[in-house]
Amino acid sequence: MIILNGGSSSGKSGIVRCLQAVLPDPWLAFGCDSFVDALPARMQESDEGITFVADGGVTVGADFRALEAAWTDGIAAMARAGARVIIDDVFLGGAASQERWRKALGGLDVLWVGVRCGSAVAAGREIARGDRIQGMAASQADAVHEGVFYDLEVDTTRTESMVCARTIAARVG
Amino acid sequence: MIILNGGSSSGKSGIVRCLQAVLPDPWLAFGCDSFVDALPARMQESDEGITFVADGGVTVGADFRALEAAWTDGIAAMARAGARVIIDDVFLGGAASQERWRKALGGLDVLWVGVRCGSAVAAGREIARGDRIQGMAASQADAVHEGVFYDLEVDTTRTESMVCARTIAARVG
Amino acid sequence: MIILNGGSSSGKSGIVRCLQAVLPDPWLAFGCDSFVDALPARMQESDEGITFVADGGVTVGADFRALEAAWTDGIAAMARAGARVIIDDVFLGGAASQERWRKALGGLDVLWVGVRCGSAVAAGREIARGDRIQGMAASQADAVHEGVFYDLEVDTTRTESMVCARTIAARVG
Amino acid sequence: MIILNGGSSSGKSGIVRCLQAVLPDPWLAFGCDSFVDALPARMQESDEGITFVADGGVTVGADFRALEAAWTDGIAAMARAGARVIIDDVFLGGAASQERWRKALGGLDVLWVGVRCGSAVAAGREIARGDRIQGMAASQADAVHEGVFYDLEVDTTRTESMVCARTIAARVG
C-alpha cells in the first residue's frame, strides 16, 4: 500500500495517475475526494459533516469521523484481500490522522509518502485549477505534515508529477 | 446495506442521491462507476481490464475481476465496521454477479433492489445524458436482471427517482 | 435558431442533446451554463457578477449584464454567419429577458420554446442530479415563464426529453 | 482580445484562469474545448466532425470547419460589442489557423501569445491529468507553432501558470 499525504493543490492526484501508469501491476486509487463524493450531499456543509470555510479552512464533524473510520477499515480490507492500493489524503489532523491510518492498517506493508509544495506555488495552482475554494492550498501546505513520519518525500514545487511518481515507484517492490 | 442493480441509464445514480437525501441517517454511496474510476487508466480499454465496445457491449478481464473481488470485500468490511452503505451496480453476469456479492457480504443484512427501465426510454435518456457510449442502455436493460432475486423492484420508466427512493426508504429499518 | 427557456432542472440540457441527435443538420448548442463558465471565477459570488443565494435565488449585477449583452450579440453573429444554433436559457427577467434576445437577434428566424416542469418534480430532479443548489428549481419553475411568448411549449413533468425533442424537431425546417 | 495558442496539455487553460484572476477588468474566456462541447455528440468521432486517433492525432472535417468559421465570427462580434475576450486554441493548421482568426477579427486589437511546453513534460502532464487521449501532447507540441507569429511567448515547461499569466497581463492595457 502507498499512502500520499499533502495539502490541497499540492499535486497528489496527478502523482497518483502517473503512479498507476508507471507501476507494472494494476493499483487501485482512492482518496479523500472519492470519500467525500460518497457522502450524502447534505453532509457537505453541515456541522456533522464537512464544512469548507470561505478562507480555505476545513472542519469535520462527528458523523464525518465515524464514516471515515469505517471507510478506512474497508480500504484496509481491500489491501488484505490482495489489491494493491494507493491512497491520497489530506492529514488535517497531522500526526493524529496518520495514527488513525496506522491502526486500521495493522500489519500491512505501507509506503508513507509526503507530497510537499511551496505555499505560494500551490496557491497559484489552486487558481489555475479553478475548481477549489481559494485559500485551502495555503492553509494546508505546512499544517498537514506536522509530526508525520514518511518513508519518502517528494516536492512538486519544481518537480513534475511524473518525475515524483518515478521516484516513488522505484521504492515499490 | 442497500444494493441497487440496473442497466446503464436506468436511473440508479439519481435514486441513490435521493435515498441519501431522504434517509435520516447518513449513508455512504459507492458503485461500479466509482470502482472503474479507481482503476489505472490503461485498464479502461484493455483485454485485462474493461472494454466498452462501440455497440454498447462491455467486457471485463481477469485483472478487473481480481480487483473487483478485493473491492467487494472492502465494501463489506465498511458495512461490518458500522457504516450504512448503498451500492449501485450493473450485474453484467446476472445471477452470478449477485452470488459474488452475497458471498462477500456474509451475514450482513442486505436489501436487494432491482431498478428497471424500459429499453427505449433508457436509450433516450442515454442520449439526453450525453456522457455514455450509445447502446449500453439497450443492451443491458434486461440482461442484468436475469436470474436475480430482489426484495423490491422499482421502475423508472414512468416514476421519478425521488418517488422510487421513497419506496425503497420505506423498506429500510 | 431555437431558443429554449425554462427553470433550473426543468430538463433543458437533455432536450438540447436529444435535439442535436435527431436534427439531420449539425446544430451548435450554447446556454447560460456555458456563459457562466466563461466568466472569471471571482464573478461567481460577487455583487457585480452572479450570486446564488442559499434558498435557490439568483441575482446578477452590472458587469454580468454587460458581458451577457456582448455574448448575446456574438451568438446572433454566429447565426448570421450561417450556423444553426440552439440556446437554452433561464429568463430570470421573464418577458424582459426575451425582449433582450429579440432585439439582439434582429431579423433572424427564431423558434421560441418554453420548457415547463412541475415545481415538485423539478425539485426532486434537482436532488437526483446532485450538482445544483437546492431551491433553484422551485423558485424558477414558474417565474421564468411570466409574460414570455412561445411558438411551442413542452412539459417534461411526464414526457421524456427525447419525445420533447422530436416534437420540437418537427417544427424545424 | 488575447489569443493563446499551444498544444494539448501545454497549460493554456490554467493560464487563462490565472489571467481572469489577475486582470482587473472582467474577461470572458472561450476556447477550442468549449467549441467542441457545443457540437452534436455524433460529430465527435465522424469524418465530417472531429476525430481523435488512438496515437494522439486529430483530424477535422468539412462540417467542423464550417461551424468553426461561424463560431469565430461570433467571438469577433462579442469583442466588437465591447467584451474583453481571451481565447485558447490549438492551431492544428499552424499559420493557416492564425490567418483564419486574423481575417475574422478584422480591425480588432489582438495580443497573440504562444504557449510552449517541452514535449516530454507535456506528455507527462497529459498522463497526470488523466482525461486526455495519450499522444496528443507530443504530436501537437511543436506542430501548432509552425509559421505562427506572436507578440509574446511563454513556456510552461519550468514556469508556473500564474507567472506566465502575470507576464501576459503586463502587456495588456
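Chains: A, B, C and D, in written order; residue numbering restarts at 1 for each.
Convention: a contact is a pair of C-beta atoms (placed from the backbone, for glycine too) under 8 Å apart; a residue touches a chain by one contact, two chains touch by 3 or more.
These numbers come from a predicted model, not from an experiment.
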B-C versus C-D: which interface comes out with more C-beta contact pairs? C-D
Taking each chain's centre as the mean of its Cα atoms, which chain lies farthest from chain B? D
Calculate how many whole Å lie between the centre of chain B and the centre of chain C, each centre taken as the average of the chain's C-alpha atoms. 32
Averaging only over C-alpha atoms, locate the centres of chain C and chain D and give their separation in whole Å. 27
Among the residues of chain A, pick out those that touch two or more other chains and give their numbers. 17, 21, 41, 127, 130
Quick check on the complex: what are the chain B residues that touch chain C? 11, 13-15, 17-18, 21, 121, 124-125, 127-130, 158, 160-163
Which residues of chain B touch chain A in the complex? 17, 20-21, 23, 26-30, 34, 37-43, 48-49, 63, 66-67, 69-71, 73-83
